[in-house]
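Got some structures for you, see below.
Both complexes shown next keep subunit A, but they swap its partner, so subunit B is in the first and subunit C is in the second.
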Partner chain A sequence: MATTTATLGITSADLTPGMSLGISANTFLYQTGTTTGLELLDMGVGQLTEASGADALAEALGTADTANYIYLCNNSTDVEHYISVTIHATLIGTLGSEEWMWIPWNMGDGDAEIEIQAEPNGTIPYEYAIFKSTHTLPAAT
Partner chain B sequence: MATLNSTLTLSSSDLTSDNLAFSTATTFSGSHTTGLSRANLTSVSKVTKLSVLDGDADVADASTVEGQYIDITDNHGLKKRYVFTTADGSGAADGTIIVSNTDIGSTATPASNLIGGICVNITNGDQQRDILEQLRTVINHANGHNGSITAAAVASEADGPQSCTMTNPVVGESGVFHVDAKNSTWIHVDNTGDAAATNSQQNHQLISDKNAYADPAVLYVRNTSAYHSSNNIVYLYYDNHGAEDVLEIRGGQFTYMPVITTNNIWAYTSTADTVVEFMVVGTDA
Partner chain C sequence: MATINASITINSDITSNPITISKSMVLKKFQSNVGLEETTGLQAKKFTATTAVKIIDHSDGTPAKSNKVYVRNTGTNNEHFFYVSLNASAAAATTTETIGKLYAGDWMLMPWTATNNSSHDIFVAPSTTAAMTLEFMLFQE
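Showing the complex of A and B:
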């Protein structure tokens, strides 16, 4: 079993008056249960355009209630470029230029499709990684 | 503007043939924050129900409840105050909207905070279950929520807590309503927090307040429990019309993500007494 560690650090010297902020959180990327070791990794880069509308970053294929994680980064340096991120028609947020997000994801839920959309004009480069417990091949056509 | 620095590091020596050593960092400019907060989640459901403490307990003297009320708000924000009047006095009938001279039983000058409320007219000797059943018919009344909430019939009188479950009759809309059992004055409400008690959005934890921040804002959430595949899961949902869960965060897991500020984000859990840690950073709305 592979052992993968995710560590998040959040700091600020001036956000909270009179004290600096320093948060550190880390977790092993467990498979379902407490077995360490997600073994499936899908990662890459791409480009979004507004004209393409909403695209599915990943289909919600897989076994329900399994452990999965998504990393997504907006690599544009143009502050006017942001990516809308939606889970099953619910807009969860907009990812600004050079910002990233990290979420656990219950991909096996049929309502869990992750959609991303470029806003507004222009081409937005992005990178992503999906750590998965299981993988279901799409049906042959 | 203050600067928030965030870094995500992913590392593994055996996931891929090459070592995985990934690190990404970003800065976020924000002026306001909730600060780092923790909350103990107790509600294990998004089902809305209103419970009384003891279904077969008699309320011998209805006047002891006269003027007491409970506030219920549907998923569109329609809030109604249901006020008890006494039939043994001369209290106004079920569904009557209270005005400044409405007789609520012992007086025709109701307190100002009752004006606009909807009457639930009860009788000496009613059991708590009967009062709850009568209340639920008034919730469904034309002057009550009038169909935006479907309040289901209460089971036959029984010992112990009894409840009325509320749902949304519109397909695709949320049944997460707000029953203000904390600030309401009806003394028979079961607000103990146990499995049989009243449960509504009031029992969920507000994680991100839509009125507090302008877009963009960022959210950090961590489940402080130990990992378990099915216990101590933190569920997050936006209170839009569907109120579907958008994230499941198991023990030890965390998220760092952008959030929109057009809806609140709420949390509940799979297992009572799950502690969630959270912080929102943004600019003042």
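Showing the complex of A and C:
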């Protein structure tokens, strides 16, 4: 069984005057509702172009309503460059230069598709990792 | 200007060569190197019903600006989870804007774009009537 952990730290000494902020969280990534570690991983790097419009980060194939997690990072150092992240055509948010995100993902069908789009111009390098409970291979063509 | 730092470390032995992803970021304003300066503060809420509950209203943010949302299931029962979703009453497996499920100990940190529309409210729905606690925090521009 594989073991995967995701650890978060959020700190700020000056967000709230006189009270420093410190959040620390650590979690083990388990298959849906169990204590068996996830064993499927899809990761890589890419170049996202504004001209290509919205692209699916990955096919949302797999058993619906399972435990899956997405890490995505905008590796651009140009402060003007950001990635729009949507789910089922609904904008979740924008990932600015050198920013990352970590979310659970309820994949399973096209409605759960995560789409990313480079904004407002040019090419944005990005990296991602998707940890999954299940995986369905695409149909042969 | 406040400085809010966030770091993620992912360790996994899913592959034969263990991987580590380690990233840090400063939470910044939209297309800017200036740090976010506002927050709702860290909140904790106890749930004892499976009804979907809005934890962040779209009016809590400003459209076309940068926001970050932190959410964590502080529970320890691996069978219990929270659905996290965009849009009113969408916190269920079959609705189109369900982002994913946060199991015991799971956390998420995602960008969030607040539009002038309830389609960008953030809802959660517990999987059980057993007591569960969620902590969450909004960082705003």
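We take it that the second predicted complex is superposed on the first by the 139 of 141 C-alpha atoms of A that agree within 3 Å, B and C clash if a C-alpha of one lies under 4 Å from a C-alpha of the other, contacts with A are read in each partner's own complex, and residues count from 1 in each chain.
Everything below uses one rule, namely that contacts are C-beta pairs under 8 Å (C-beta built on N, C-alpha and C of every residue); 3 or more make two chains touch, one makes a residue touch a chain.
It should be emphasised that the depicted structure is a prediction, and the values quoted were computed from it without experimental measurement.
Peer 1: Based on the superposition on subunit A, does the combination of subunit B and subunit C result in a clash or a fit?
Peer 2: clash
Peer 1: Between subunit B (first) and subunit C (second), which does A:Asp14 come into contact with in this model arrangement: first, second, both, or neither?
Peer 2: A:Asp14 sits against subunit B and subunit C alike.
Peer 1: Applying the document's definition of touch, where does A:Ala56 land relative to subunit B and subunit C: first, second, both, or neither?
Peer 2: The answer is neither, since A:Ala56 touches no partner chain.
Peer 1: Examine A:Glu80 and indicate which partner it touches, taking first as subunit B and second as subunit C; both and neither are also allowed.
Peer 2: So A:Glu80 only meets subunit C here.
Peer 1: Would you check which partner chain A:Val45 touches, where first means subunit B only, second means subunit C only, and both and neither mean what they say?
Peer 2: A:Val45: touches no partner chain.
Peer 1: Now for A:Thr4: first (subunit B), second (subunit C), both, or neither, which partner does it touch?
Peer 2: Both subunit B and subunit C are touched by A:Thr4.
Peer 1: Which residues of subunit A are in contact with subunit B in one complex and with subunit C in the other?
Peer 2: 2-16, 21, 23, 25, 27-28, 30, 33-34, 38-39, 41, 65, 67, 71, 73, 82, 85, 87-88, 90-96, 98-106, 111, 129
Peer 1: So in the complex, which bits of subunit C are touching subunit A?
Peer 2: 2-15, 19, 21, 23, 25-28, 30-33, 37, 39, 41-42, 66-68, 70, 72, 78-79, 81, 83-84, 86-87, 93, 96-103, 105-113, 115, 119-120, 137
Peer 1: In their shared complex, at which residues does subunit A touch subunit C?
Peer 2: Residues in contact with subunit C: 2-16, 21, 23, 25-30, 33-35, 37-41, 43, 64-65, 67-69, 71, 73, 79-80, 82, 85, 87-88, 90-96, 98-106, 111-112, 129, 131.
Peer 1: Under the definition above, what is the set of subunit B residues touching subunit A in their complex?
Peer 2: The touching residues are 2-16, 20, 22, 24, 26, 28, 30, 33, 35-36, 215-220, 222, 227-230, 238, 240, 242, 244, 246-250, 252-260, 279, 281.
Peer 1: Which of the residues in subunit A end up touching subunit B in this complex?
Peer 2: Residues in contact with subunit B: 2-16, 21, 23, 25, 27-28, 30, 32-34, 38-39, 41, 65, 67, 71, 73, 82, 85, 87-96, 98-106, 111, 129.
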